[in-house]
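I am attaching a structure below and will ask some questions about it afterwards.
The chains carry the letters A, B, C, D and E, assigned in the order they are written, with residues numbered from 1 in each.
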Amino acid sequence: MEIGLNHYLVLSTLLFAIGLIGVMRRKNLLLLFFATEILLNSVNIAFAAISHYYGDLTGQLFVFFVIAIAASEVAVGLGLLIVWHKRHGNIDLDNMSTMRG
Amino acid sequence: MFEAIAFYLFAFLTTVMFFIAVMTTQALHALTALAAGMIFISAFFFILGADFLGAIQIVVYSGAVMALYAFGMMFFDTTRDVKEKNGNKYIVFGLSILSAVLVVVIFSAPMVTDNISALYPMVEGAGNTQELGMVLFTKYLVPFEVAAVMLLVAMIAGIVLAGKKMDLSLTLMNDAEIIEAKIEKNKKVLS
Amino acid sequence: MELYLYLALFSPLAGSLFAGLFGASPRTKIAGLVPSLLLFVSFVSSTILLVYILSGGAKVHVEMMTWMATGDLYIPFGFVVDQVSVTMMMVVSLVSTVVHFYSIGYMDHDKGFNRFFSYLSAFVFSMMILVMSDNFAGLFIGWEGVGLCSWLLIGFWYHKESATWAANEAFIMNRIADLGMLIGIFLIYWNTGSLQYDQAFAAMNGLDKEVLTWMGIFLFIGAMGKSAQFPLHTWLADAMEGPTPVSALIHAATMVTAGVYLVVRANPLYDLIPHVGLFIASLGAFVALFAASMALVNRDMKRIIAYSTLSQLGYMFVAAGLGAYWVALFHLMAHAFFKALLFLGAGNVMHAMHDELDPFKMGGLRKVMKGTFVMMTLASVALAGIYPFAGFFSKDLILEVGFVEHHYIIYTVLLFTAGLTAFYSFRLVALIFHGEERYKLFGIHPHEAYKFMLVAMSPLLLLAIIAGSFKMTYFEMVTAVLPATEYHVHSAITYWIMTIGTQLFVILAIAFAYKKYANNKVKVPDGTSKMENRLCYKVLSNQYYIPYIYEEYLAKPYKELSTLFWKQIDMKVVDATVDGIAGIIYSSGEKTRVMQSGNLSTMLKWMVAGTIGLLSLAVVFGLAARYSGEIKTILSGLGV
Amino acid sequence: MIDHILSILIFFPALAAMLGFIIHKDSIRAYGVAVATIEFALSLWLWFAFDSNASGMQFMEQLPLVPAFGINYILGVDGISLFIIILASFFTMIGIASLTDTKNEKNMIVTLLFLQMTMAGVFSALDAIVFYVFWELSLVPMLYIIGAWGGPLRIYASVKFFLYTFAGSLVMLVGMLFMAYLYYQATGAWSFSILEWYRLILPESFQLWLFVAFFIGFAIKVPMFPFHTWLPYAHGQAPTIGSVILAAILLKMGTYAFIRFSLPMFPDASVFFMFPIAVLAIIMVIYTAMVAYAQEDIKQVVAYSSVSHMGIIILGTFALNVEGISGSIFLMIGHGLVSGALFLLVGVIYDRRHTKMMSEFGGLAHVMPRYATIFGLMLMASVGLPLTVNFVGEFLSLLGFYKQSHILTLLAGTAIIVGAIYMLAAYKKMFFGTVTNEKNANLKDVNRRELLALIPLSIITIWLGIYPKPVLDPINNSVESIVQLMHDKSTTSEAKSRIPNLVKNVETAKTSEQGAH
Amino acid sequence: MIEPVNVSLESLNLMTLSPMLIPIIGALLILVIDIIKGGLDKTLYVVISLLFLLIDFSVLIDSAGIFSQDGIMMGVFNVMLIDGLAILSQFIIVVASMLFIPLALTHKRFHEFSYPEFFALFLFMISGFQFMVATDNLILVFVGLETSSLALYTLVAMHNRDKSFEAAVKYFTMGALAAGFYSFGAMVFYALTGSVEINQIAAVLAANKYVDIGYVLVGVVFMLASFGFKLSLVPFHTWAPDVYEGASASMAGFMSIVPKIAAFVVAMRLFEFLIHSGVIWLEVVLYAFVVITMTAANIWALVQTDVKRMLAYSSVSHAGFVMAAILIGTTQSNSALFLYWVLFSFTNLGSFSMLWISRQKHLPEHQRTDHTYDKFAGMVQTSPVAASIMGLFMLSLAGVPPFALFWGKLYMISSAVTGGYTVLALIMALNSAIAGYYYLKLIVYMFMKEPVMGNDGHVYVSNATIALKSIIGFAAIGTIFAFIALNPLLELITAFVYNSGY
């Protein structure tokens, strides 16, 4: 059984869907950030696969940059969380709705 | 055949790991599962011949990112059970199922891949790292540099947000308090 | 001659403005005198013009200036003095001069003395415009102008609710008719291309009968309002709320005859459409009888005279409708004299009786008011049409016209009405001047009017007596412009039978009236007598319930409908729709703003939901695009 | 200077308003009066210099504004706009002069001067966008006047006024843009110049849609039934000066725009929509007159009467012949004068009693005879008595429309009846009878300041009623050219027959004359 | 073996990089200065930033000149793309930033301006936006986007109040999700065409005659979601009101302009060829987006009680309005987009600056948020000039002529009419009317209501300095006299857009 590009794409989108579920489900911000990592990672698989099947390096480069971006996001995200936690003692996003309407 | 087995194995593993990561109520489990999933993903990279990416994946994600998260978890004290109220589960599940169905519908159809010419084809005989480096430092030099800037931004942002005294409000303090705060800071440095 | 024309026209205006200057200042004699003298000037000028015309002068036509000119429309302020208008000018200026002088005495004690003269002169000016204009638009100016002055003068005592009500009623009713007139004018303009009398009439010959009929009808509707013809007659009786000189001038002698004047003026038109003329005549005959019948039982001196005016207007319309324009005009003139006299006399009585109007409360006044008694009696005789007074020549002529033109029904009606006229006129005279002095019961001390008032009335008296003798002179004069049909009964015998018969009938009616009301048994009715409870009495005294019907079935529903339109439709439908649209927009905002719950999780869900929604759309569309061929075959298989 | 008189007319008050901020508030009224008088004098000069025999645009000015998009600053007046401009400056002048004591007087006068700018702009603009700019801008000062100095419901009224007209004019804007696009398609160049647009002959289907788009904007402004409900609120809540200017000038923008845009640009559509619009106009006339009759507030009576009279104006406009259109333009002026004066008069009594309910009054003729006289005069002018200014307009409008439809004119003609009914009833309630309310017993009659406004108005009302020629002549010349343009441009046979051909008329007249010889 | 690469320096066309490098240098300089000597006053950093932005601006003028001579430039291995869109949007970005930076010179002290890092991050962000618009490579777009976004999140948070952190976290989290969408979308396009360069993608898709329309649409969906977030299209707009409320008013004003123009340019590059390829689905979806965004945001703005939140919704609505340009896709509409945005920048920056100068540190009892409508009640009585200027901005936003935004709306609606979208034009017009209400509401409060007790008017200008006042004055003059500059602006924009092939 030959593993084709479509296999990878389906896998990637499934993982993406899992990420989406996490994004929608998680109320703890830290765990929500996990879910966003999953989103980026799932796409990375697809990029690598396409790159492989097309014999083109661009996809891998995209993955490279996505990883960099993900890392930066973690830094900023955690920074924000730390400040929030210092002030409020929790990172539950249900407590985060002073602005509405 | 080996490829197929490896694919399915790792596909299964990553899916399960990520699933656990998003579904578990144990923060520690989630973290662990996520780290595992990341490592399994690097396996795909190796399978697909992107060795460099695989390495980076392990180093950056499992090394740096996960370490950061672990640090964060300790800081936030989320090792206990995470209590999450989920108001309307139907929306979440409805949307998830819908997305899954859509995905399958979409990608079960074959993709037409005519008229595609590899811009940066893989070169025979060169290592993946070497190829990548070649492209990275020619074509993608600019994005690479911008990414450096981005990392710098992220660093500064992290320092500003977490390191500097964001818990004090310079907006609301009066001048005397600010001077006092500065003196205190100097004391700490001296001691 | 143009100078005299302008003098005749504008001196009343000058008088009005002069009096108007004193409008807000306290009563001053000069405000009465000057307009009266100016009117006299106008009268003299009119007389000069009359003499000029009589002596065979060509008609005087001036065009003062352009009024409106746009497109093909050209309306000047043009004035013409021809045989017809000079007659009217004479009547108007004469009666109004008399009334002015009379009013100096009559309004002596009124606070609004100055104002009164201002209005009165303004009225004369409008009337002059009406009669002198050389085009329909100018006529309309005068037409509306007299309406305005009538409104002002009826409502002169504006503190009285009834007076203001009557004023408004008169104005609005006239407006209804004016609309007809306006439409008539439009018709004339669009069909003949001009509003100048001469051009318009000249062009009418070539027009379609139907169009002409409509013109005639609409113009006549205008005339009906001003001349208070049925069904627009109710205002005239109510208009008696005004000061009596006003009634004499406006509601007897001049303004109400404007309708007749219009028909006479438009004689070339009505000549072309005899069927409309017949309708006018029939209506006139009906009104003559109708009004006379209401006068029979009325208990308001002025109203009785007003109904008699109405009745006489009916006569005039009969003549005009039957094509005897000169007869109509002649009766108009004669009627103006004696009717004004009658009203002024009534004014004297009112003064004497402290504004008491019910003749049943008077009686025996001849002892204290000799002059007035004589004048009113003679005026009534003239009205009744006894030889040799003015009324005989003019009114009998109308009967003859009816007879000669073979409209025997009209003739009969008119003849009968002549009897009624005589009866109610002398019922009034008898009740006022004869019999017991019932006024004493009410503690009134009557006195004769000022001497100069009686002197002022005397020209009218003279004319009421002798006007008939001018018949042939007059005939020769006006027939220069009006159809010169002489109405002679074919055989002399028939003529004499008719004339004498009529005279006898009238005299009998007078005698009956005297017999019934000149004795000492007449009591002030208190609603208990048998006669008063008869149905026909009630019908008549309630004016056939027409005012009631108007009030109940027109005025009130109109008011109610207006309120309904405002409160229910304008506020609750039209405005509410607009506010409703705004409200829906706003409330949808209020309702949907919960979407922005402030919870990050919800926000993320919205994002995902949006994406998934778009994705499903994309998939549907993508599948449809991919399988478009198959879908088409399936659909065609289904017969779509 | 005469070459740029229109620009001066527009921007002088604006500039003066800016400088007005510097003036000390005690002297602001004198300043305002001075500025407005100069403005009025300028507008009179415009009239003086105006060539009454020419039918085209005069004092044209042209300046590129956004030539890339065909927007140019084009100004010009013809007989149609000339007198409305004069009327606007006149009302601004007497409005400021007769302004009763208001709080924030300075803001009021500055606002009025700005308003004057927009009014002058609307009526002299010959570029659709410039027109639109001033058209919209005029809402702002009025919004402020109503909202800041109005009655208890002022905010509701002002916002309603603003939004309603704003919404309508945005639809109109789309129409304008579409028109410009059609012009662009036809000629390959963008242009918003009205005179250029006149040359464009459009197929009927386009005309219909564009007509509707413009109509919505104009109809709300006029306001036509059923878009009229903002008006009673605006009038009811506005301060006197606001109502005066609103009634006298701002409403005229709508009817003016019909003549400036709708008729010459869409002749076929005008004919197509003539009857529906006439029916609307008649509903306006009768229905609002009845509503006016039911009112309890004298100002509302005058407000609804305004709507009713605007119906006649619309009718005259859609007579599509010279008589009707001239009449409607003249009636715009007449109605401006008369309803403006009526609102001023209502203001007089409101200043004294701070109520506008008619039931509060009665017998005012005893205590305020001069007031009653002037009110009576204006009332008679309002009901269209001949020799007052309104009659000329109403007569010509109805006369014109009679050519198109007899029965509708008959219905519309009931205006003179229903108008008399509500006006006389209102007058009776207020002025006649005896003084029943103690508070009314000692009211002062009109004072000098009020007379300053009312006397000129009365004089003009009568003067123009007697001698409309100086105004009617220029109007007539311009209208004739518009009607001829419409005839030439119309494509359907229906329109050709409905819109008279003046050239042919002249020829036939000549031939008939020759025949007569 | 890999061949060694031989690249001549000229062929790199490094000139194309210079506008982006200048802010980076500036940012680094600020960091260095801070390291050498800390505790310097914010004015120094403001002026340094301003200077660098000025240099940036002049360099842009230079490249504009080159563009108008030589046309589109590619540089640095064809990654950089300097075309008309790039130049125009960079102009907007830089000029808006230049107007924004002096807003730091407030009368009161605010937390964020005490940090030199604030200014450094700001300059980094500017360069991020500049990279975003000056390329058609999806990777560089992504990296630029993230650079600027990460800086922006931090800048929002640095306002250092509870609400700002909340806003930053919300913005960040949704941004992370949007980044996921972006990468997925890019992946789909890459999978379809084997390229991440937009012109390449377009070429390949066209060569394939869009047979894979389903996949194209999937890619488009994710891209739409991602840019929908950035452009705050409904339903991806939910961050906008909260973030605007949480951020300082000046930052909110900045956010309503600069990030969006960058996103618009990328969206234009990405969607324009798809629109022209006749993908009906995209047309329908964009149509729906435009209409829903305009209308819904307007409706929500109606019911707001806080001016800043109202302005947030209003700018969402404006974004929807401008999105119509991309839907219409003609040269005129694309020019209209830029024209609109230039005019919008002036007005919106002005109005947010007005809020900024009235910012209080401590809220009074009765006031729940920073800029409630009540706060502005009766403003004309206490500070008439400020009220007039604020009213002016509101009128301009409402589209009342002849103020700036009217011309934008005019041209935009005209482009809709010209493009055959008459109904859309009507909807746009009517939406402007609805929008009129909430702008009017503020005017009503300012001009027609009585002030709240104890409000002496000082609050409206409590934060004002000469610098802020001159910025506002500049914006006001720009708003009033926009019509003078309109023609050259329009000609320039049209020429640039046309020569870039849009």
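Worth a mention:
FYI, a residue touches a chain if its C-beta (ideal position, glycine included) is under 8 Å from a C-beta of that chain, and two chains touch if they have at least 3 such contacts.
Small disclaimer: the values here were computed from a predicted structure and weren't measured.
Contact with both subunit A and subunit B is made by C, E.
Counting hops only between chains that touch, subunit B reaches subunit C in a minimum of 1. When chain centres are set by their Cα atoms, the one at the greatest distance from subunit E is C.
Located most centrally within the structure is D, per distance between chain CA means and the overall CA mean. By number of C-beta pairs in contact, C-D leads when C-D and C-E are compared.
Seen from the Cα centre of subunit A, the chain whose own Cα centre is farthest off is C.
Separation between the centroids of subunit A and subunit C, computed from CA atoms only, is 94 Å.
For this pair, subunit B with subunit E, the centres built from the Cα atoms lie 28 Å apart. The centroid of the Cα atoms in subunit B and the matching centroid in subunit D are 69 Å apart. If you average the Cα atoms of subunit A and of subunit E, the two centres end up 26 Å apart.
Those residues of subunit C in touch with two or more other chains are numbered 582, 593, 596, 598, 600, 604-605, 608-609, 615, 619, 622-623, 626.
Contact of a single residue of subunit B with at least two other chains is seen at positions 91-92, 95, 99, 106, 109, 111, 113, 116, 118-119, 131, 140, 143, 147, 150, 153-154, 157, 159-161, 166. Of all residues in subunit E, those that touch two or more other chains are 139, 143, 146, 150, 153-154, 157, 169-170, 173, 177, 191, 194-195, 214-215, 218, 241-242, 303, 437. Every pair of chains that touch is listed here: A-B, A-C, A-E, B-C, B-E, C-D, C-E, D-E. By the touch rule above, subunit D contacts subunit C in their complex via residues 160, 163-164, 225-226, 228-230, 287, 290-291, 293-295, 321-323, 326-327, 363, 365-366, 369-370, 373, 380, 383, 385-387, 391-392, 395-396, 398-400, 402-403, 406, 409-410, 413-414, 416-417, 420-421, 424-425, 428, 431-434, 466-469, 472-473, 475-476, 479-480, 505. For subunit C in complex with subunit A, the residues that touch the partner chain are 593, 596-601, 604-605, 608. Within the complex formed with subunit A, the subunit E residues making contact are 138-139, 142-143, 146, 150, 153-154, 157, 162-163, 165-170, 172-173, 176-177, 179-180, 183-184, 186-187, 190-191, 194-196, 241-242, 245-246, 303-305, 309. If you check the complex, the residues on subunit C that touch subunit D are 23-24, 65-73, 137, 140-141, 143-145, 148, 151, 155, 158-159, 161, 164-165, 167-168, 171-172, 175-176, 178-179, 182-183, 185-187, 189-190, 558-559, 561-563, 565-567, 569-570, 574-575, 577-578, 582. By the touch criterion stated above, subunit E contacts subunit B in their complex at residues 1-2, 5, 7, 17, 24, 31, 76-80, 108-111, 114-115, 117, 120-121, 124-125, 127-128, 131, 135, 137, 139-140, 143-144, 146-147, 150-151, 153-154, 157-161, 191-195, 200, 204, 207-208, 211-212, 214-215, 218, 361-362.
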